[in-house]
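Same chain, two partners: chain A is paired with chain B first, then with chain C.
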Partner chain A sequence: MGRLEKHFYDIGYLDTLAAGSTAIHRLDPRAKLITTIVFAATVISFGKYEISALVPFIIYPVFLMAVGNLPPGYIFRKILLVSPFAVIVGIFNPILDPDTLLAIGPLSVSGGWVSFTSILIRFTLTVGAAMILIAVTGFNAVCMALEQLGAPRFFALQLLFLYRYLFVLMDEAVRMVRARSLRTFNGRGMGMTIYASLLGHLLVRTLDRAQRIYSAMWCRGFDGTIRTTRRLSFGRAEYLFMLLWITLFVIMRFKNLPLFLGEHIGELMR
Partner chain B sequence: MSHHIVEAQDLYFTYPDGTDVLRGVTFRITHGESVAIVGANGAGKSTLLLHLNGYLTATKGVVRIGESPLLPENLKQARRAVGLVFQDPDDQLFMPTVFDDVAFGPLNMGLPAPEVQTKVRKALETVGAWHLHDRPPYRLSGGEKRTVAIATVLSMTPDILVMDEPSSNLDPRSRRVLINLLKGFAHTKIIATHDLDLVMDLCRRTLVIREGRIIADGPTGEIMRNEDLLASSSLETPLSLRSCPACGKTPDLTSSTC
Partner chain C sequence: MHMADALISPAVGGTAWAAAAGLIGYSSRKLKRTMDDHRIPLMGVMGAFIFAAQMINFTIPATGSSGHLGGGLILAILLGPYAGFLTLASVLTVQALFFADGGLLALGCNILNLGFFPCFIAYPWIYRKITGNNHGKGIVTAGALAAAVAGLQLGALAVVLETLLSGLSELPFGTFLVLMQPVHLAIGVVEGIATAAVVLFVIKARPEVLEAAASAKTGKTFSTAGLLASFLAAALVLGAGVSWFASTHPDGLEWSLQRAGLREGQEPGRGGMHRAMGEIQGKTSILPDYGFRTQDGPSGDASSPEPSGWPASDWGTPVSGLVGGTLTLILAGAAGFLLHRKRTTHR
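Now for the complex of A and B:
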């Protein structure tokens, strides 16, 4: 199986995970979405040299993974897959910011390396939390929650359709790539021009399909609004979940827990 | 007024790029009839079907549903009365779950939620797919997708079912299940297909379309035995009418459905 195909089936696995029925899965998507957004905002709000205060935040993704019964290895691999973006963002920090900020014995660490590490930690926390949110909620439910929380309807619709037809599009792309690779030898036929034509075909097919989908929707009375019968219920469990986590985030934002614990344990030992 | 009658009068249609697809199509299909539309690839079958519920508007000519001509004012009724099942179920199933997809039409018709629930359940039970209701459509098998696509149309309680290649890409068993299912429907049925054995099983009447014109319209049995006519439309005698390769006997035509 080609690499493209493997990733394709891997994305589908998120849906399988989202079909679970743990206490976390059962929470209203809106509660999980808001909490995760507050989590990400808090993590991002720290100063650029902060490392130690960020570490305790790992408790939120770890809690969701544990209670939601998610395989940590899978989530970690997904984070690694997109990590190059974070590396590119931070890789020049050590060069641009060479002033020593930290000295551990004979080892001096420049501000650039500290901020680079900080970026990587924040990236892991936020992307991990987003991935876990989808794995315990389902992409469609996240879109619905977005709409109900007042995100523009077209935005939610776009996301919904994107996700629905991602599978069809990937399937088509996989078949085209397979057909090409079966007729290429010694790297001949793999060049950019062939690639461009492949992409062009995919675009034309996509436009055709969009037309057909629209006509199928039209035939069933589509007038610009997607209606569903599903009702979400926001109850005590949801309020409790949000209240506890957001309180914890606020505490962790204004109190550097590792430092605080370190000082107090030090005092006790004295 | 009965909506079960479909009539096309001298339909002409040209795509914006200048391709003439329909060049004078005329027929009348009455209540409860089951009619096949057959013809070569590109003969105009799919284009014709899209005229029957007003998705495409003929350049010239009139379509009547019931006794009233299709006009912009009654398009909404026509969309409900004529249920169109597309060739590729992936085009027809676009909602997050099977339930949402089957509920899409009734909700757009403005029905209240409890009624939508019963309609969805009834439609899915009719096609034997209720157990799939909370699955995402892209995870279904080809046969399951097809039955769900039919349910998405049934939930709007159409009077006329129009289907484009219903048996394409199905394995023989799924195809047989589909044929038995369609046999049980009392709707007026219009089926465009290349599967002539399916036509033999389901349709008493057949229209042959070639280059945008109806070149034959008659009882299925007669048309299927006219080899010259079939050959001129890139078709072949259905297997069920050919002589047995083992014993050489020709099938007993009196017992066929035609």
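Now for the complex of A and C:
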């Protein structure tokens, strides 16, 4: 119970972070969204046995966290919390691909462990970048950016509505679950009958809520479009941000920097 | 069973994104034409309801484990296929961004796996066909059960295919299939029973909701042919485009084998294509060079001159990669720390 609620308030915290006003927060959401998508696409475009070339990509999330003033511990814990599927599928690689791929001194590493490590690094980078995007942009701004970039207006509207009522309904669900578990002994009352009526009542209340919201909006002149007061402006800072980062991604994609660095150090030590 | 960014290749992710985007556009257009704006808040709140519903568990009899509602089928039943699909797509988007379920690039795959199959296959072709306009307890349960199982089986199959096509997991097709399908059979049964329970409750408490949903959507406005045609066209055009783009660039495996400093005869790829590629690579280019250098580099043979501008080292590529990687990580961390310090002292 405690864990569930904690997880839920954690999401609210992500949005609290988005209310900051650093240079990164003030950038146009479109620039951040596009750069993050290019970042993720570059990361997953590497071959399955790639590890070293992926490492420098960490600079993008680290930069955003540092300049955007985000707590790294919090972001990292959130990444750990949500890793199951990638780990479950990836963990079979070491078993199924036992051929030795590389040797570090006396230690030989199989292809499976290399590709599993690669999967975990990809996971950390892509998931971290997505979460940081929200933490420095805010969900509403990401929705607006999506619409400006050509997503159907209807879908953007749907996302905004969903997000607005997410907290209200999750709060309600948490209260209901708590109430039920306080009245439950030896697992009685956790079965299907109670569940169906619990969820059914929540659903009926939700439908009523939708009707009330619609009436309230209708009274205030809703005509199917949502107007926002905030202006988006795509200026020099945005172009510069995108240009610099995407150039860096391209360089890191085609030049294995850690290998280059390591070989130079080897040269020096000789 | 959310697909993750880490498991897909750009070609698979891009194709799925294109197909999902096409479906979202198609559904939005369909809805705009047929829908009164009163359903806009309804869809939004229903999306939030799915999140809430996922927080409420129930005990599965005789197993001791617990389950919860997934959501695709119930949304299709309560809102109809188009609105249900859009709502589910929005739920998945929020999950990808906030809960990091999946990821930005796998979002397309997830929308197809968890949204397309329940809303456009299982609901119209199984649930509606079984139940029709009959709201009896047995028939609703049978319909929901069959539709949920079919939807999840198709979704699980899609996950297997997407993972396989991406080529990052070593799991062979058969094994992965045997792992995924039975698990999702169980999940499908639970999903079907939970969906039926909620639908039956709504039938008792608010029968008008289901009647509105059934009449509004599935009449003449639902054209599977048009839907499938646009879906296929989007997937084909983008799939072709992306794979053409991908093939003009050096093959990822080839490139990374080369980087990993592999010696000849150690190619990990078991089968035809990869092995052939590895062999060609081994015979034609720098690979043998790496091998020679680590073995008898210092003894120096004139027959293999060092490529200019690329300093070689004694300790071999893997160690170089390891040392360089660690150093890069430290540098990145230090950069972040310094930037942060600079920012906070500036204030």
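Simple rule for what comes next: the second predicted complex is superposed on the first by the 252 of 270 C-alpha atoms of A that agree within 3 Å, B and C clash if a C-alpha of one lies under 4 Å from a C-alpha of the other, contacts with A are read in each partner's own complex, and residues count from 1 in each chain.
Keep this in mind: contacts are C-beta pairs under 8 Å (C-beta built on N, C-alpha and C of every residue); 3 or more make two chains touch, one makes a residue touch a chain.
Not measured: the values here are computed from a predicted model.
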item	value
Joint occupancy of chain A by chain B and chain C, clash or fit	fit
Partner chain(s) touched by A:M217 [first = chain B, second = chain C, both, neither]	both
First (chain B), second (chain C), both or neither touched by A:A237	neither
Touched partner set for A:R164, first chain B, second chain C, both or neither	both
First (chain B), second (chain C), both or neither touched by A:L248	neither
Partner chain(s) touched by A:N140 [first = chain B, second = chain C, both, neither]	first
Contacts of A:F260 with chain B and chain C, given as first, second, both or neither	second
First, second, both or neither for A:S45, with chain B first and chain C second	second
Between chain B and chain C, more extensive residue contact with chain A	C
Minimal inter-chain CA distance - chain C and chain B, angstrom	6
Interface residues of chain A shared between complexes with chain B and chain C	160-161, 164-165, 168, 209, 213, 217, 222-223
Of chain A, residues touching chain B in the complex	12, 15, 140, 160-161, 164-165, 167-168, 209, 212-213, 215-223, 226-230
Touching residues on chain B, where the partner in the complex is chain A	50, 53, 55, 76, 79-80, 83-84, 86, 88, 90-92, 94-97, 99-100, 103-105, 107-109, 113, 116-117, 136, 138-139, 152-153, 156
Of all residues in chain C, those that touch chain A in their complex	1-10, 13, 21, 24-25, 28-29, 31-32, 37-38, 40-49, 51-53, 55-59, 61, 66, 69, 78, 86-87, 89-91, 93-94, 96-101, 103-105, 163, 167-172, 193-194, 197-198, 200-202, 205-206, 209, 251-257, 259-262, 266, 268, 310-325, 327-329, 332-333, 335-340, 343-344
Footprint of chain C on chain A - complex, ascending	4, 8, 11, 14, 22, 36-37, 40-41, 43-53, 55-56, 58-59, 62-63, 65-67, 69, 72, 78-79, 82, 85-86, 89-90, 92-93, 95-97, 99-105, 109, 111-112, 114-115, 118-120, 122-123, 126-127, 129-131, 133-134, 139, 142, 151-155, 157-166, 168-170, 172-174, 176-177, 187, 190-192, 194-200, 202-204, 206-207, 209-211, 213-214, 217, 222-224, 256-267, 270
